């Protein structure tokens, strides 16, 4: 039985393509994770900014950002590794709901203060 | 926003990216639909910063032209900062 | 502590503070603390038409957390000194 703790999980994402979602404005940043620190600040490369806006259905508005960015830790809702489906989304330009299903495990780190634990 | 940086430093920590940007122009995205471009003169681990030759852009809900404000020397409080990116002018 | 020292060098200079509630206050910086709380003397409100609350106020205390920007005279800032201090501060922080 192996456990994955948050900080080792983040370190394992370094060098991989990730999506960081912010708490505000339905904004996400997709890019290669360059580094992180003890506060969970992030540094991304080749970053693409994705903003979700609703106009007669759901549209995805995205624009290419300048290569490297630093994201201040307090803005982050979660960070996850990019998977096959995400490439589909960014190609088609339309947002589809994340159909994870039960068979696929999408590992996400959710920032502590926003976590709500529900007893089932 | 201008050209893409083709090379990047493999820094140990995210704050190192900012340290390399001292005396360079950066763009900072802030809470309240604001962006500020300026030359980085100083910063700390809270992302408090001092920028010189700064230009602030204030966006509104419609996609109009943003309002701009100039400042020769401005201190920006770190808690408003969302992200920081280098730019090449 | 870096910006605490920075603001101490600006005491007795005129600054313009823009708050997160969009008020802009120009005055003489008299005092600062480690939280970057500020005391300004002899203030004028730059948007007094929109915010007539401070018409009768001469001196005030501003809680640091409410500040968005502080504008200052560029001549009062030693940029090389500030850049060096930031580099040193960043090295210290990286070690932690």
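Per-chain residue numbering starts at 1, and chain names A, B and C are given in the order in which the chains are listed.
The definition used in the following text is that contacts are C-beta pairs under 8 Å (C-beta built on N, C-alpha and C of every residue); 3 or more make two chains touch, one makes a residue touch a chain.
Here the structure is a predicted model, which means the values were calculated and not measured.
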Furthest chain, CA centroid comparison against subunit C: A
Centrality ranking, top chain (CA atoms only): B
Mean-CA-position distance for subunit C and subunit A (Å): 35
Approximate Å spacing (C-alpha centroids) for the pair subunit A, subunit B: 22
Residues of subunit C touching at least two other chains: none
Sites on subunit A at which at least two other chains make contact: none
Interface hub residues of subunit B, defined as touching at least two other chains: 12-13, 15-16, 18, 79
List of subunit B residues in touch with subunit A within their complex: 1-6, 8, 10-18, 27, 31, 47, 78-79, 81-87
Interfacial residue positions of subunit C with respect to subunit B in the complex: 2-3, 6-7, 20, 36, 64-65, 67-74, 76-77, 79, 82-83, 85-87, 89-90, 93-94
Touching residues (chain side subunit A, partner subunit B) in the complex: 22, 24, 29, 34-37, 41-43, 45, 64-72, 74-75
Subunit C-facing residues of subunit B, complex: 12-13, 15-16, 18-19, 22-23, 30, 32, 41-45, 48, 50, 52, 71-77, 79-80
